[in-house]
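Heads up, there are several structures right after this.
Next come two complexes, and both contain chain A; in the first it sits with chain B, in the second with chain C.
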Partner chain A sequence: MRAYRALLRKDLLLEWRGRELVPAMLAFVLGAMVLVRFGLGGETLAGGTRAATGLLWVIVVFTSMLALVRSFAQEREHGIWDGLLSTPADRSAIWAARATATFLFLALTQVVAVPLFWLFFLQEGRSPSLGVLVAALLLADLGVAMLGSLLAGLATHVRAREVLLPVMFLPFMLPLVTVAVRLTVDTISPQTRGFHTSQGLGFLALYDTIFGLLGWALFEFVVED
Partner chain B sequence: MSSSDPAIRCDAVSRRYGERLALDRVSLEVQPGERVLLTGGNGAGKTTLLRMLATVLRPHEGALAVAGHPLPREARRVRPLVGYLGHEPLVYPGLTAGENLELYAALQGAAPDRVGAALELVGLERRRGDLASNLSRGMRQRLALARAVLHRPRILLLDEPTTGLDDDGRERLRGLLAAHDGTAVISTHEPEWFAPLHVRRIALAEGRLA
Partner chain C sequence: MVIGSRRARPDGATVAATATAVLMALALGMIFFYVPTDVDQGYSQRIFYFHVPIALTTYTLFLWSALNAARYLWRRDPSLDLKSYVPMHLGVIFGSLTLATGSLWARISWGTWWFWGDTQLTTFLIIFLFNCAYFMLRFSVEPGERRATYSAVYALLGVGLIPLSVIGVRFAQRNELIHPITFNSNGANMDGSMFLTFLVALAAMLSLAVTMYLVELRGKRIDDRIRAIRRLAEART
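Take a look at the complex of A and B:
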């Protein structure tokens, strides 16, 4: 636990001082939403609420890619892996700290992204079920962060990592985005709420549990020689 | 580790990088408390051997044991015993000298008060709050040295430790090695500088014992 806390502190301190990831993620979210909003020229999305929420989740996934391609960049660029791996610290602590930092960065980005999404794409007086939406976002962020950190560790020693990481990561996002979109739509259309909501949140929790266990168990084999 | 175990034992150890053989059936033993210099030209295999002993690389062939523990199977038991100074300083440029050592103290399971002592040992106590990126090359090397000895390891593995050090830094390194009563394996291109420390020399050439 001491190693995990120290590694997380390191990740947060480096981001605070370098301001490398979160501003880029915020700029991407803002840029993507503004582009689509003005690209529509004042029209609504043809697919209605489902298309709009799909857009939100696609932006969430691509924003997370920005954070994930820079995961372990310092360790790689400054040869720090040798320092970390020569210590007796549990390798899963490295993964857990990186996943936690990514989760926090994603959650911070969504504090801006979600109100913008409502402002730009859902202005017809429909009020979302905020509790369900926040739960869905946090569970999805956790899954993205845990799986993404595992795959980022896997790609860290590969030369074409910037290409390989999205290729590995995006297929795993399909079930998560599908369920997250349904959940978000349910928060806006109350008549379908209840059955879908509990089922959807349960699925996201299961997804997190699976990739949490995989990350914890496999990271050592992923980063060691 | 029993009293009869050598500190380090390599038995026909080989390591490849792709098609290139970096170490070719190297066999050697280092006794507890012994100081050994690894010498040889660039690409001789010194760094590869040290990285294997530090448990960050696995041998592709042969048997390797540190303090009686076979590697890589018992790497977890070896890591607390070893202090590794690599080619790079292995510190985060965006963290201060103190923060880097606090991180490594947590990873090594060393007491937090070891940070101040280690910085003092290398003469960096007044630079504790400076970002590593703002330290000179020699200062970063001192910081790397402090990181390697932070947890008081029994076995020091030092890869060209004099790189970038000024006269004061070199004297501190010599004092640190003289006071270290454990084993030390040091790769260097300056074997004469280490001669007063009563070292045994092992020469490598193109991945083999010369």
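Take a look at the complex of A and C:
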């Protein structure tokens, strides 16, 4: 636990001093939203709020990819790996600290992204339920951070890692996005047939549990040398 | 001495290949001459006896691959890495066949090559993408222990992905009942002769997969051995 706290502090401090990742993610979110806004038609929104909510999730996935590609970059570029691995700290602590930091960066980005989404896309008073959207985003961020940190560790010692990481990551996003989109879009005007918000959130929690356990168990194999 | 023992007892691949030939001939005979034509879907329903066994074989191959991946991480035996890689590779072949036969069937019975509302087609697409990523990862790492470990870790992640995809996609689809429900909690939802044909076709497909697995595994081992001998020879000269 002490190792986890120290590692998390290191990750957050590095970001605070370097300000490398979060500003880039914010700029990316803004750019992507403007692009999507034009993509859906400048004045009137093609597909309306429903299409926009679906696209919000696509933007969330691509933004998180940005964070993951830079994950462990400091360790790689400045040779921190060897130092980290020579400490007696449990390998899972490295993973847990990295996942927590990524989760915080993603959540921070969304603090800006969600109001922007409201400003850019919502029309005629139709909007998804804010509570459900925030809950779904937080659960999704957690899953993305835990799975992503494992995959980022896997990609660290691989050729063409910047290309490979998205390729490895995207298949895992498909079930997540499928459910998250259905969950949030349905709160705009329910067209449900036996689909409940609690079921959707439950699925996201299950996703987090499974990849949390797998990440925790498998990360030590990824960094063993 | 090795040759002598081989002559005395046929090896696994030969037995599997013979069983496949017999079962496949039997399955084809039953599919085209024995089983009655479906009342609703007509003659084209016969593709079911290919499509579903191929899909189930794909799942079995992934499960086998993941199991060997876990065993590799546990025991660190390089032969287990091959035993995890080969079924994953065959899974791509059977997976592509599943997508192709599914798409054909969709075209005939629903009038479209692809239907995004269908749970099982979409799930298979996710698994297929996962599979492609596995190969990209595997061939981006130099051969050796690291490649084996990374491949095993990624293969094991698939164990999480596959059930989640099945649940997630089924959850989110609005028209989930378009795919024929063949099996439910009451067992097989079909006529006795159809079920028998299905079982024979499934056995044929599984036995084909076992044959391909054994043959490819042997090929890979010979490959490894030749490489080792070549390295030795180069070191000597």
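Everything that follows uses one rule, which is that the second predicted complex is superposed on the first by the 206 of 225 C-alpha atoms of A that agree within 3 Å, B and C clash if a C-alpha of one lies under 4 Å from a C-alpha of the other, contacts with A are read in each partner's own complex, and residues count from 1 in each chain.
Throughout what follows, a contact is a pair of C-beta atoms (placed from the backbone, for glycine too) under 8 Å apart; a residue touches a chain by one contact, two chains touch by 3 or more.
These numbers come from a predicted model, not from an experiment.
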Original post:
Which partner, chain B or chain C, touches the larger number of chain A residues?
Top reply: C
**OP:** Considering only touches as defined above, state whether A:214 meets chain B (first), chain C (second), both or neither.
**Re:** second
Original post:
Of the partners chain B and chain C, which touch A:159 in the superposed model: first, second, both, neither?
Top reply: second
Original post:
Once the shared chain is lined up, is A:198 touching chain B (first), chain C (second), both, or neither of them?
Top reply: neither
**OP:** Tell me which partner A:88 touches in the superposition: chain B (first), chain C (second), both or neither.
**Re:** first
Original post:
Given the touch rule stated above, what does A:171 touch, chain B (first), chain C (second), both, or neither?
Top reply: second
Original post:
Taking the contacts chain A makes with chain B in one complex and with chain C in the other, which residues are shared?
Top reply: 225
Subject >> Sites on chain C touched by chain A in the complex >> reply: 73, 122, 126-127, 129-130, 132-133, 136-137, 140-141, 146, 149-150, 152-154, 156-157, 159-161, 164-165, 167-169, 171-172, 174
**OP:** Would you mind writing out the residues of chain A in touch with chain C in their complex?
**Re:** 147, 150, 154, 157-161, 164, 167-168, 170-172, 174-176, 178-179, 181-182, 191, 193, 195, 199-200, 203, 206-207, 210-211, 214, 218, 221-222, 224-225
Original post:
Tell me, which parts of chain A touch chain B in their complex?
Top reply: 2-3, 5-7, 9-10, 13-14, 17-18, 74, 78-89, 225
Original post:
Considering the complex alone, what residue numbers of chain B touch chain A?
Top reply: 51, 54-58, 76, 79-80, 82, 84, 86-95, 99, 102-109, 147
